[in-house]
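Look at the two complexes coming up: chain A is in both, with chain B in one and chain C in the other.
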Partner chain A sequence: MNETTLEVPYEIPVDAHNPVEPFLRMDRMPHIWCPGCGIGTTVNCFTRALLDSKADLDKVAIVSGIGCTGRVAGYASLDSFHTTHGRAIPFATGLKLANPELQVVVYSGDGDLFAIGGNHFIHAARRNMDLKVICVNNLTYAMTGGQTAPTTPSHVISATSPYGVFEPAFNLVALAEAAGASYVARWTTYHVKQLARSMEEVLKKKGFCFIEVLSPCPTLYQRRNKMGDGLDTMKFYKQASKVRHGAPTSECALTKSGEIVVGKFVDRDRPGYFELLNAQMTETLGERYAEPEVVCGNC
Partner chain B sequence: MHADPKGVLTGVHFLDGDHACCEGTLAAGARFSAGYPITPSTEVVERFASRIPTVGGIFIQMEDELAASIAIQGAVWGGAKAFTVTSGPGFSLMMEHLGYAAMTETPCVFVNVQRGGPSTGLPTLPAQADMMQARWGSHGDYGIIALCPNSPQECFDLTVTAFNLAEEFRVPVMMMLDECVGHMTEKVVIPEAERIQVTPRRYTKRQPADFRLYEPLADQVPDMVRAGEGYRFHVTGLTHDDRGYPSMNVETQDRHVRRLQDKLKPLANGRALSETENLEDAEVVVVSYGITSRVAQRALQLARQQGIRAGKFRLISAWPFPEARIAELAGRVKAFVVPELNLGQMVHEVARAAAGKAKVMPVTHAGGGVHPPETILNAIVEAVR
Partner chain C sequence: MAKGFVSITVERCKGCGFCVEFCPTHVLALSSAYNSKGYHAPHIVSAEKCSGCDLCGMYCPDFAIFGARYAR
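Entry: the complex of A and B
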């Protein structure tokens, strides 16, 4: 708290152990994440972004899928939804469309968003749906015991690739850009300030925004690949990361132990879903068009 | 509460069942639909897409049925009344989210215009073979409501009822049309808005500090909130306690899952929806639903002409199954005849409720057409022999 000079628009309880407590469901602590896991670090950054963006927390909703990162919604003291595996984005789409005044954040893992949920990701990006998607990428299915994900780099050992992964992995930032995202960035859990700033930026930006956060899974990924513990991974992130804002996303693929290009790669303005909807309907229907409000037939 | 006149197309119309169903959603207050095209159901959302921009609301065509069936639930928690529409293969894909709606008690409506299956089956031809899937298709134990219209007029009326029941009991409600009912065109009378009763969402009157999202009231149903109102609530498909927090223990599981079934008990008996004829003196009762009930009507007529005391029991709410009514009838009739466009589904429920007190005869049909009335008549004759 000593070095916090920011305005704090909420009351920190006198017995609080940590200034982020008002953002968390403290009655659900302790959380389920392992020692050395990076998900908690990202949540810390997210609370800082909420604080810095001066968001009205009553109007922020968070939607998660299934998996370790899928549990974030359950710990956030916001309107929060823990949905089905892979379907956080379509749930969030319905929530946003029905209640456009909500700031809807999707917070989930790489397996959830890019394997089972991959189709929804590209379509929401194509529509430029006003969703802020934060993907904690630990390069594996952690909740189920460390199986191969579509993000697992070649040669990595996993529970379902005991002799090493040979399928090529997705380059998430290139995928997001190609599908139409308005904002694309990548950081690691070593880059807490940059990550918090990126999160704050997307909370203020319209359209489909995507942040990939590389995060250690010491229990299943690092251990199985003899890559050390959480601290060793921080050292690796520090040494291997290179900040290259605006780098072509096609050059940002991740490998097992090679360079990690981080930074903000895409920040562009495309018309959003509501803009396009309203323009099209006004053009074709004129005054007969009834712009959707907070949808609520007879509620 | 009365319907919002904005959505009500008051008047006398010549509509098919799919279009009438769409008008029912609008009259009921639905202002959000997410869909994915599939024959023979697509006309419902095609009409919604055409109507909703002037009423005020959203139709979004999603990338698949999984997306459609969860997008509507996001919309519900955002404050909308919402529905999706599908047929066989799409219904199969929606099963996970049917379970999510049951588990999280998200009021919403799934319209299934049934076609022949399994798999791609008969895309343009009728069946009634998803009846057990509607009840049991998602994993785990839970309760749902399913309604079976047999005319375009009922497609309108029962769609309004479906939304009302969804709100009252906080369950997913299934409108189980079949291709014939969906595509037949008949007179549909849509009343004035003030003559259409709609059930508002049961929003809590409690303040956030006193509110527990899954604390059941006297009717075993909890009150609801929507996002953005300061309640900072949590919804999860995991087994959860009264606060909505995950709770992985035997006691919570038992209490929660039993309640998901028990809250629907009033609909299983006293409030079950059915249409009956000539049950007073009946020696044989034809139990049917949807298009098959209209074929059965002819068979019943022919049977009466032959002097057979045949009665009609048409299931309108098929789930929860009206077992008390069937059990009562079983005590005083010789037999039930159960024609369905499947190889025997609801007939098992009839047999279970009859508990051996009356003979139960299925009249099966694999789908793709309807029974010739004579087939049902033959079963009636056989039943009383």
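Entry: the complex of A and C
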């Protein structure tokens, strides 16, 4: 019995349990994420979205790349796949093509998805592959020591930019929209309810969906830039963020301390990869074409 | 009587303070006691105010706290 149960001034029902626990490998806890890191918060939102969308958990697969956020695949008690660096989307594409019944969620960080894996991201979005991409953006390469990432805003101090970053950063939501994503949203770890709702929408939507989640990185990003700890960043998100659904994504670039535009920017329907494949092949081959059969053992 | 309750797993807490800051009814405060890893976990200061909204559970990055409503 731990000390809390002794201290609690009222009764806790015996069958009460944390709603996250059925979705996690609790034997792996505590996790490796730093105090004040927001990745765990995004995992909470994701599990609430899975609960609310009543998804069949046997048909949900999580694919992660390398990085702090890449650890989510290891902690999720679903079919999960921890892939090589940057290649989460190609692995997920293969998974989806081999078994189209699967709901494939790519859960990875900004360094993994947009630096080494940037090429794969734009092509999966172009093809409108039915993947749900959740990108936890902490604006740096956190696991390797806080180097400048393609998402690091100007004037930020990082391990490889001790005098400040001068390269322009990617605007991930604009990139996703331009590449052809069906659904594009941005939230921060402060907006837990909105993020959970957005994730639930994405689980029900067809096509390539992209959610960017801004998350604090107190150990490497905030510390070098004297931005305080995780809680200070959460307060900053609360004060600096502005919900603007449907805002033009080109106006939503992130800066070091400026306004953070959040919301659902794009929600459109484009023909998916399978529809286009079947349409084209039926047109050219006619009766000689048969839709690919799914053969995958007992699934 | 409180509408809900919170349950805290002290040993899993890393003391980030998200739950204390964002609890809409200010049920929690960071304790001065340490857990075995040396972090200050939250404790309950006004249990009767808890609405069981589980916002603390949604914010907690360490899965160390959750709230729920009492079954009526």
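The definition used in the following text is that the second predicted complex is superposed on the first by the 277 of 299 C-alpha atoms of A that agree within 3 Å, B and C clash if a C-alpha of one lies under 4 Å from a C-alpha of the other, contacts with A are read in each partner's own complex, and residues count from 1 in each chain.
Keep in mind that, in the parts below, a contact is a pair of C-beta atoms (placed from the backbone, for glycine too) under 8 Å apart; a residue touches a chain by one contact, two chains touch by 3 or more.
What you see is a predicted model, and the numbers here were worked out from it, not measured in a lab.
Visitor: Would you sort A:A196 into first (chain B), second (chain C), both or neither based on which partner it touches?
Guide: Second partner only, chain C.
Visitor: First (chain B), second (chain C), both or neither: which does A:S53 touch?
Guide: In the superposed model, A:S53 contacts neither chain B nor chain C.
Visitor: Check the residue A:Q147 against both partner chains and state whether it touches chain B (first), chain C (second), both, or neither.
Guide: neither
Visitor: Quick one: classify A:C37 as touching chain B (first), chain C (second), both or neither.
Guide: A:C37 sits against chain C, while chain B stays out of touch.
Visitor: Per the contact definition in the header, classify A:E21: touching chain B only (first), chain C only (second), both, or neither.
Guide: second
Visitor: Could you look at A:S77 and tell me whether it touches chain B, chain C, both or neither (first, second, both, neither)?
Guide: So A:S77 only meets chain B here.
Visitor: A:R288 in the overlay: touching chain B, chain C, both, or neither? Say first, second, both or neither.
Guide: After superposing on A, A:R288 lies in contact with chain B but is clear of chain C.
Visitor: Counting only touches as set out at the top, which of chain B and chain C does A:I12 meet: first, second, both, neither?
Guide: Once the two structures are laid over each other on A, A:I12 reaches chain C alone.
Visitor: Is there a shared patch on chain A that both chain B and chain C touch, and which residues make it up?
Guide: Residues common to the chain A contacts of chain C and of chain B do not exist here, since the sets are disjoint.
Visitor: In their shared complex, at which residues does chain A touch chain C?
Guide: 2-4, 7-13, 16-21, 24, 29-31, 33-41, 43-45, 48, 192-193, 196, 229-231, 234-235
Visitor: Can you check the complex and tell me which residues of chain B touch chain A?
Guide: Per the stated touch rule, the residues are 1, 3-4, 6-7, 28-32, 34, 53-58, 60, 62-64, 66-68, 70-82, 96-97, 100, 198, 200-201, 203, 226-238, 245-246.
Visitor: What residues on chain C touch chain A, complex-wise?
Guide: Those in contact with chain A are residues 2, 5, 7-12, 14-18, 21-22, 33, 37, 39, 41, 43-44, 47, 54-55, 57-63, 65-66, 68, 70-71.
Visitor: List the residues on chain A that touch chain B in their complex, please.
Guide: 25, 27-28, 57-59, 61, 63, 73-74, 77-84, 86-87, 90-99, 101-102, 119-120, 123, 281, 285, 288-299
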